[in-house]
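Note that subunit A is present in both complexes that follow, paired respectively with subunit B and with subunit C.
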Partner chain A sequence: MRTIGFLIQKEFLQIFRNRSMLPIIFAVPVVQLIIIVHAATFEMKSIRLFVVDHDRSVLTREVCDKFRGSGFFRITGYSDLDRDGEQGMKQREADAIVVFPADFEKQVSMGRDARFQLIVNAINGSAGGLIHAYTQSVVQDMNHNLRKESGLISMETRPQQIDLTYTFWYNPELNYQTFMVPGILVILVTVISLLLSGMNIVKEKEIGTIEQVNVSPIRKYQFIAGKLIPTLLIALFELAFGLGVGKLLFDIPLEGNLLLVFFAAAVYSCVILGLGLLVSTMTGTQQQAMFVSFFFMIVFILMSGLFTAAENMPDWAQWLNHLNPVAYFIRIIRMVLLKGSGFTDIRPDLFALALLAVLSITLAVRRYRKTV
Partner chain B sequence: MTAPAEAVITVKDLVKKFGSFTANDHLSFEVYRGEIFGFLGANGAGKTTAIRILCGLSVPTSGYIRVAGFDAFTEAEKIKKHIGYMSQRFSLYEDLTVFENIRLFGGIYGISRKAIRERAEELLETLQMQAVRDTLIGRLPLGWRQKLAFSVAVFHRPGIVFLDEPTGGVDPITRKQFWEMIHASAADGITVFVTTHYMDEAEYCDRISIMAEGRIIALDTPAALKKQYHASSINEVFTRIARNA
Partner chain C sequence: MKKFLGFVRKEFHHIFRDRRTLLILFGMPVVQLLLFGYVIVNDLRNARIAVLDLASDQVSREITGKIISSGFFRLVTYLESERDIHEVLKQGQVREVIIFEKDFARKLQSDGRAAVQVIADASEPNTARMMVNYTQGILMSYTLERNRNLPQAAAIIPEVRMEYNPELKGVYMFVPGIIAMLLTLICTLLTSIAITREKELGTMEVLLVSPLRPVQIILGKVTPYLLLSLLNAMVILLMANLVFGVPVVGSVVLLLAMTMLYILTALSLGILISSLTGSQQVAMMISMVGLLLPTILLSGFIYPIENMPLWLQAICHVMPPKYFITIMKDIMLMGNGLMYFWKEAVVLLFMTAVFIILSVKKFKIRLS
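Our next item is the complex of A and B:
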């Protein structure tokens, strides 16, 4: 234990003596939270709509107003020529085109079904789907009004209708930031843990100081513990700092027990640190370590369910996700912070993380060789 | 060497191969307690490979090797408790101060914080480096750093200290001072195993071995070698041998 104490002291001295470290520790969380949380959103608030109106009637104008009034759309072009619409889409001035046929109003006034067309730029499939859904709701709204105006809502002709009432739990305003902030905190802990640990041993290899350590009777677990504990403390500090910033800037809910969050974070951080140290022992230069770390980080994060719903991934990917520490921790932190889940609710995920932690640290200790 | 010499390093038929390249080809020698043993040879002769094996940093391919009473194959970690090592590459932490480096390595070898402080003050006084106690090592001139690296290597008072080209790139005056430190350690009973390619330094050793192409081609006291090769200096001995080899 004494030896580990000396090593921890040395690591802290080195970390805080490094001039670039303090800005990284304090600036990274703030910048990440502010930029990513605001930028990475699925909500579409100003879909650019190009209207091709062959009818130029009162009714088409009314539909356009409905689009505008919905708050999701902005009409960026209006024409009665199809090719103007196409042009608008090609020149990236429009995300979608609606086309009203010439007899649109006439059909409606004669009490027949009328159609108009929606053309969506669906390069981003989910954005395309959203545009479609928003349009649908605008049209539904229109239909409702039409029925009322034409007095179709009489007892005999009124079609049977099933109405849905709903409540959104845990995030009643469907606030995207509430959903994103905990995820970004996970990224924060991941980046700090992985980079600090991944670069660490390999850096000592590069500058040659590891020789002096390897020639000493130091035990392997002591060496790894000396590397792991300081970084773990810094990662937890980062989380606390990030939570504070998240609370101040975004007023994210902190429903559950914060101690539980930190406990889970510590276990999680151990997985990542073990992994980073493993990478560090297996590579010869900081550059190699950086590439390998980034590879893991990107795969883990993209598969984790931070940006997409992990439940929608194919089975094999979900199976792979059992090995993905980021996925467990994102689930845990969202459950505890947003739902107020307790220990029993997150026990399976926490247990899996603990298992991964033991695995990665054991591998790191075993892979670290005092001889070459 | 009047008293019956006790071998603290025994090497028999040490072989180290890297793939098909043989870095150490059947080395055999003994080093006795308290002597300064010089390990000479041109660059690439296999000196560093051998010293790393003796320190437990590298695993030999075959042979019988005992250092400080322990087997190099099975008890490398035990060997490490009893030796000090100064690498060819400067390997103290440049971003730590002089005292922080001493404290770290003292701590790793199990010395108490109090004893570390006391011994460190003593050491800095001997080195006349009290003024730089809290200076980052990276800011010190090379000669000072080398002296410190040596002092750290013997700080835990090991039985044997291995020095791998300790005076590379150091000015002649500092080199002389450095050898005075080596002699002082030997006088304290520490066995010194030193590699060098400065032939004049060989004169300071009790016994020297000369290596070429992975083999030991000469091993004796400097005086005996000079006599055997009818040379006036070890430098001459070395050139004669190299010509024959």
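Our next item is the complex of A and C:
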């Protein structure tokens, strides 16, 4: 036991002796939180609309006003030449072009349907879909007015309607930040656990100091514990620090039991530490270790449901996600922090994590050899 | 020159000897393309819902049927009373609860309107909003169906054309980003690590006392990575085209020229980072936090820059990948020529010059 204590002390000394590591440990969480939280939004605040109006009538102006009034669109260009609209889109100054034909108003006044063209820059597919949907709602509004004006709504021919009322639970204002912050904390714990643990051992290998450790009377489990425990502590500290920053800057809700969060984080961190250790047994240089870790990290994080909902993925991907520790932990931390879920609610996920932890550490320890 | 070539050959040996890194360098873009093409979807699919049907009449059942058969939702359970709502949402069994009011059909018939209430689990706001929108859409098309026989007034109809990406595939948007990310990874991260590695192992000293000039050492270090990243970019483009049908509308020559320009920017940044630090771990952390994160988040790769707060947009403007991704989208997807993105190209050139000047100033011939 005393041996492990000394080893831990040595590790801490090594980590903190490196002057540039300290700012990294403290700056990374803050920078990540502030930047990712503000950057990661799919919300379209204002769609830039270019209007090509061949009609220049009262009706087209009315439609334009409706677009503007909807709050989704901003009209950034107005012309009566098709070419101007095309240029606007090519120069990335317009997200969509609306083209009104010359007889737009005439058609409506004659009681016929009037068509206009909506050309969307759809490179960003989901934004394209949103622009389409917003346009539909503007047009529907407009048509409703037209129907009213034409006096077609009377008692007998009144259309039936279903009123939808909706409430958003756990996050009534659909605040994206409360959604992202817990996820970013997960990334934080992951990056620290994976990079520090695996990299540390590989560094000893690369520099050659591992041989000194190997010939010393330190036992295998002592060495590994001495490597893992400091990282685990730092990862948990980072989580606490990140939670504090999140609370102070973004006022994220802390509904559930924080101890539960830290317990889950410790289990999760063990999984990642095990993986880091495994990587370090299979690689010889820090560069290799970094690359292998980075590769798995990207895949894990992208599939975890941090940025996009995991439930919408194809079935085979969801099946693969059973092996993805990040997915479990993101689910747990969101449930506890946002919904106030208790131990019973997260038990299945927590068990799965514990299983993965045992698995990854056993595998890593078995593969680790004291001989070079 | 011969000495220089020999040095480059040595570097190639270093790279090719390391099979794992190579495998990952070429495996990563492939896996990422597949992930972005097949897995990362923003559409609703089989969202788990529960229904609390207080009416339980023909209309409410009909609507429930429509909702389930839409493919967007999957009915997990019928609830008995309002008390159960809290339970199922908290456990995460369902994401949305749909409640039909009492006497739904009768109210719809006699009053002309009836109410549906939706409670969505908004701990994932994007999904919550989507679920409500889709539910609304289904209800709307249902009422439209019922009202079909009523007299219609003239209506305005939009004809929609999706330019550049008619099928609204997500992968279109991601290909330029993946290329940018890979180039950053190889050129900046690998380069900075390769140089600091020599410092950390002490072999830098051997190189410095060799007859090679410092410029030659640096050039020799980066040449293999330059070729490697160019090759990698082409693999990504080809695969995107063959597997997902992402086109290259504009000039391929221009595309490669611009890729070269960005490789130079990324390489010079890698050299700068390596001249600032002596340890691989620090170089790695700087590259990761200072570069990879911005490449993914602050470049328009996944999240559109226009939606960000202004101060963050300002930060985006000093990020090299942002300019590269804009150029790539212009050439690949919009088919634009140089006249549409010369400003971005000039910015990249300027950044490259600044990085090179800075690293020349910082480069030390002597160690410690």
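One rule holds in what follows: the second predicted complex is superposed on the first by the 355 of 372 C-alpha atoms of A that agree within 3 Å, B and C clash if a C-alpha of one lies under 4 Å from a C-alpha of the other, contacts with A are read in each partner's own complex, and residues count from 1 in each chain.
The rule we apply is simple: contacts are C-beta pairs under 8 Å (C-beta built on N, C-alpha and C of every residue); 3 or more make two chains touch, one makes a residue touch a chain.
Note that the structure is predicted; figures quoted are calculated from it, not measured.
**Q** Which partner chains sit in contact with A:N145 here, subunit B, subunit C, both or neither? Use first/second/both/neither.
**A** Touch status of A:N145: no partner.
**Q** Specify the partner with more touching residues on subunit A, choosing between subunit B and subunit C.
**A** Ranking subunit B and subunit C by residues of subunit A touched puts C first.
**Q** Please work out whether A:F295 is in contact with subunit B alone, subunit C alone, both, or neither, and reply first, second, both or neither.
**A** Touch partner of A:F295: subunit C, not subunit B.
**Q** Taking the superposition as given, does A:M199 touch the first partner, subunit B, the second, subunit C, both, or neither?
**A** Only subunit C; A:M199 stays clear of subunit B.
**Q** Counting only touches as set out at the top, which of subunit B and subunit C does A:I218 meet: first, second, both, neither?
**A** first
**Q** Between subunit B (first) and subunit C (second), which does A:N18 come into contact with in this model arrangement: first, second, both, or neither?
**A** Both partners, subunit B and subunit C.
**Q** Touch test for A:K10: subunit B only (first), subunit C only (second), both, or neither?
**A** first
**Q** After lining up the shared chain so the two structures overlap, which partner does A:N121 touch, if you call subunit B first and subunit C second: first, second, both or neither?
**A** A:N121 contacts subunit C only, not subunit B.
**Q** What is the contact status of A:K90 with respect to subunit B (first) and subunit C (second): first, second, both, or neither?
**A** second
**Q** On the A-aligned overlay, A:A309 touches which partner chain: subunit B = first, subunit C = second, or both, or neither?
**A** In the superposed model, A:A309 contacts subunit C only, not subunit B.
**Q** Kindly list the residues of subunit A that each of subunit B and subunit C touches, one partner per complex.
**A** Correct list for subunit A: 18, 207.
**Q** Residue numbers of subunit C touching subunit A in their complex, please.
**A** So the residues of subunit C touching subunit A come out as 18, 20-21, 24-25, 27-28, 31-32, 35-36, 38-48, 63, 89-92, 95, 108-109, 112-129, 132-133, 135-136, 139, 142-143, 146-147, 150-170, 172-173, 185, 189-190, 193-194, 197, 200-201, 277, 279-282, 284-285, 288-289, 293-294, 297-298, 302-304, 306-309, 312, 315, 326, 329-330, 333-334, 336, 340.
**Q** Given the complex with subunit B, which residues does subunit A contribute to the contact?
**A** Against subunit B, subunit A makes touches at 2-3, 5-7, 9-10, 13-14, 17-18, 207-218, 370-372.
**Q** Could you list, by residue number, the parts of subunit B that touch subunit A in their complex?
**A** 55-59, 76-78, 80-81, 83, 85, 87, 89-96, 100, 103-105, 107-110, 152
**Q** For subunit A, which residues are in contact with subunit C within the complex?
**A** Listed in rising order, the residues of subunit A that touch subunit C are 18, 20-21, 24, 27-28, 31-32, 35-36, 38-46, 48, 63, 89-92, 107-108, 110-129, 132-133, 135-136, 139, 142-143, 146-147, 150, 152, 157-172, 174-176, 179, 191, 195, 199, 203, 206-207, 282-283, 285-288, 290-292, 294-295, 298-299, 302-303, 307-309, 311-314, 317, 331, 334-335, 338-341, 345.
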